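Here you go, one structure.
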């Protein structure tokens, strides 16, 4: 008996020793939990060269392994990062950045030259950067990129190692935010030259100045990020590892989430929303995206304002947001999404509510419009669309509604995306289902599209006053007045109904409750993991 | 035989060249450009980037450029995956797809031949009907539904095997199984039909009259002849499975190459389209060639050279 | 013995009475096709298959009219109603996520799918059998060339061809069927060719040729009927392949225009919701399986009926 008791006691002792030993290791990593995050990416990042890449997944990764002059904080405001502070001239066109003592992962300091080099590299036409236009606010950038100007005339200059001077073409209120974007990140000339074509193709063929560094990249499968010990603000970084798993299928993500292989699901579709609704795992990500119907004003039928209005009023937007997508998307009240700000305030509050459902009025307007144009019989209308996410269902809803409310037969022409774009560019459509996401936090990113002659003004709508207002706003250093000009412009656009905004998209996601402090951004890169941590997993 | 193989090899090269040429000119007629950010690039910029890629040159010039590189074995770099070589990407994706495809094929063919034989020999019995139902289900239920069901029930509800992912053999079981259903279905049907056909032939009676053992008759005489149509489809089917299934790889998160075929065409990734096409065609032609040789092995009466006619 | 024969005189013999009726074939003479029909209808499985196909075909025509809904009518008050927990109205198969009646959509879709599949299979059959038998029968140089052409056709990515074709023709039932068949007949031709290569060296073929049968007679009377088995099996595979391929085309934006439905589209849409609303895949999948099953029974029956060796 005594022997047995002895055995049990020593076993207990061993077990408790092992346990404390384990606990000790975890303690060292900060807290009780292993600081490892298992995130999902919906595609293989096409390229991690910050000057060249254009897609959201690459932006997500880059946002966490590199850092620009500024970084978006928790509240989506730009906050000094590699820059210590900035001096802005009175005409708001000259920015002088002072850099802090930050280091790259190989120990070399981050200098102003790294920024100048990276920006000019992105603008060099030889490098074929498809996102170079995001640098166009800089004086001389567009000319150089289009091959009409010289590299020396691009107004970004490293005055010394720690001072960067930038001159802008126009005074814009959102430039600091832009400096947080991928294309504005620094690059090291020696590294880029050393690896040439292979730069940023593998984890060891690039350097990092962000909170994390890339340590493993298994193409089309996974990426692994580890804490960057050389990062200037490393004390705030709590995660040791982030594992990104590639999965582009929601049900697969959900399966992996349920079996504990993932801490996150990117984009729940309507059917899963019903299943998870009300659970604490559910997070809503409000994008700054507007989906809208683009009317072709060159079309005989849609040249008429009243007819365009009729089609706009016929729709009940809440059906698309609450019944079809169910992910928290919001019915549109104008072109610009509610989370876009101007001069520190929500633009929607400054502007008005322009969209309402009114079937009776819609029917009346259609008749009046047809009388004005001398059209006797309602023609067959073609809606140009595509098949992505809920797009097809939205189109089916609209088809039925136009028939029920207006008595118009709408033919949906679903095309592969590239083919749809080609049709739009050629102006071969009547109504087109389209979406646009903000490049930066300012209504201008939406409003300048409908200026006469703009390539993205695919419906060829034209209004002289609108053009004038946008032009004025573009070069107005008085940001308060500028905001009013933009609001007025939106009003014209909505009153003439050049387009019929439908909704602002939101994504519904799952995130394990033990994952804390992941910042979500509606602009630029989607997530920041700098201060994220794991708590309460065990 | 040596001469025969040499001639066939020459044919293979010519066939590949014709495929490359036709595909090249066809794909350049697809709408849109290969630029990923096409919907947002200002048009002037777009023209200029296309010019930098050399896509503004006349098509025949581009074709000759491409062919020149192809002859040197250079498939170029992808448009979408900036700067990554197409060859490298195929090398990265092929092993996973090939493993799953081969496993599905081996399992499917074995089971298919056995089921087909049994149901032909026991025609009209419960076994036969069961095999028929199984094979009908095998192709009436698409592999993506099977894959989704497997992943959910085996992976999530019962937790027997990983729901998705790639790395160990356990990861490859469910996807292989999901793909093998179609193989089982097809092989079972072909073997059963042909077996019935063969069993009714005179030489089967002769063999039996000679007093040969039933087993020997079936394997040596009947099965050998019954395999002809099965072999015809096994070649291309193997290649199709080894180069990956888009949806099954998606559902099980397999870093294979199934996505490349559709993705490259939808994004107009010209070099990728060509690379994947050349790779696939090469395997396919090779498999057809092997099948033609196998005909001779299985049935010596089939003479391939047949130029005497 | 020999002496005896000599002694026989003619008057010992008298002509037997010739009765024509005894020489006649007592069974009714059947042509090949009459025999085929007779054998087909004596096969229970085949008849069940035929009846099932006819029933599904009928349902595809009358099914959509059996309740008060049509295939495109949406109702946002009855989204995703499962037929198993509560029935609202007469949605016998439940509703989809736009509140459309799945009973109507399933039968309507079955009709469209059948149409596409049959057109595609018909084109497959015609081109595939003709090409394969010519290639296999003549062999030698003709076969070589025809096979190289096939290799080229198989090598070109069919998606490119189909996109271009559908840009040119505008998506619709016939163009989609054509696009599917355009790339599908190759398999059929290869099967037929393989069979031909095997058959043409058989003894009965040699016999027929020795007796002076011409090419046309050889092909139509002696070879093609013997290829029927694998041809029918291949055809059976063509049908579900066509149905799923149509759904895949819809997936990349080249399929039927919404709100049209087909079995493939329904299964494709439903599989995304398999975990949450399994019934949305269940019914179309069952109809498709039934369809496949009956085509199979029918195919087996046809094969047996058409096979000259099994003629009694």
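First chain written, first letter: the chains are A, B and C, and each begins at residue 1.
As a convention for this text, a contact is a pair of C-beta atoms (placed from the backbone, for glycine too) under 8 Å apart; a residue touches a chain by one contact, two chains touch by 3 or more.
Treat the numbers as computed from the prediction; the structure is a model and nothing was measured.
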Ask   = Most central chain by CA mean?
value = B
Task = Check A-C against B-C and say which one is joined by more contacting C-beta pairs.
result = B-C
Message = Can you compute the centre-to-centre distance for chain A and chain B, using the mean CA position of each chain? Integer Å is fine.
response = 39
Query = Per the centroid of Cα atoms for each chain, what is the distance between chain A and chain C, given in Å?
reply = 50
Query = Once you find the CA centre of chain B and the CA centre of chain C, what distance in Å lies between them?
reply = 23
Message = Show the residues in chain C shared as contacts by 2 or more other chains, in ascending order.
response = 163, 167, 252, 274-275
Inquiry  = By the touch rule stated above, which residues of chain B touch at least two different other chains?
reply    = 30-31, 148, 152, 266
Message = Among all residues of chain A, which ones touch two or more of the remaining chains?
response = 251, 416-417, 419
Key: Interfacial residue positions of chain A with respect to chain C in the complex   = 250-251, 254, 269-272, 274-275, 319, 323-324, 386-387, 392-393, 395-397, 399-400, 411-417, 419-420
Query = What part of chain C is in contact with chain B in the complex they form?
reply = 138-141, 143-144, 147-148, 151-152, 154-157, 159-161, 163-164, 167, 187, 190-191, 194-195, 197-198, 201-202, 229-230, 233, 236-237, 240, 244, 252, 267, 271, 274-275, 281, 285, 288-289, 291-293, 296, 303, 307, 309-310
Request  = Within their complex, state which residues of chain C touch chain A.
outcome  = 72-74, 76, 79-80, 97-98, 163, 167, 250-255, 257-259, 272-277
Query = Which of the residues in chain A come into contact with chain B in the complex?
reply = 44, 46-47, 49, 52-55, 125-126, 128, 130-133, 145-147, 197-198, 201, 218-221, 245-249, 251-252, 255-256, 258-259, 261, 416-419, 421-422, 455-456
Ask   = Along chain B, where are the residues that touch chain C in the complex?
value = 11, 14-16, 18-19, 22-23, 26-27, 29-31, 132-133, 136-137, 139-142, 144-145, 148-149, 152, 186, 189-190, 193-194, 196-197, 200-201, 225, 228-229, 231-233, 236, 261-262, 265-266, 273, 276-277, 280-281, 284-285, 288, 295, 299, 301-303, 306-309
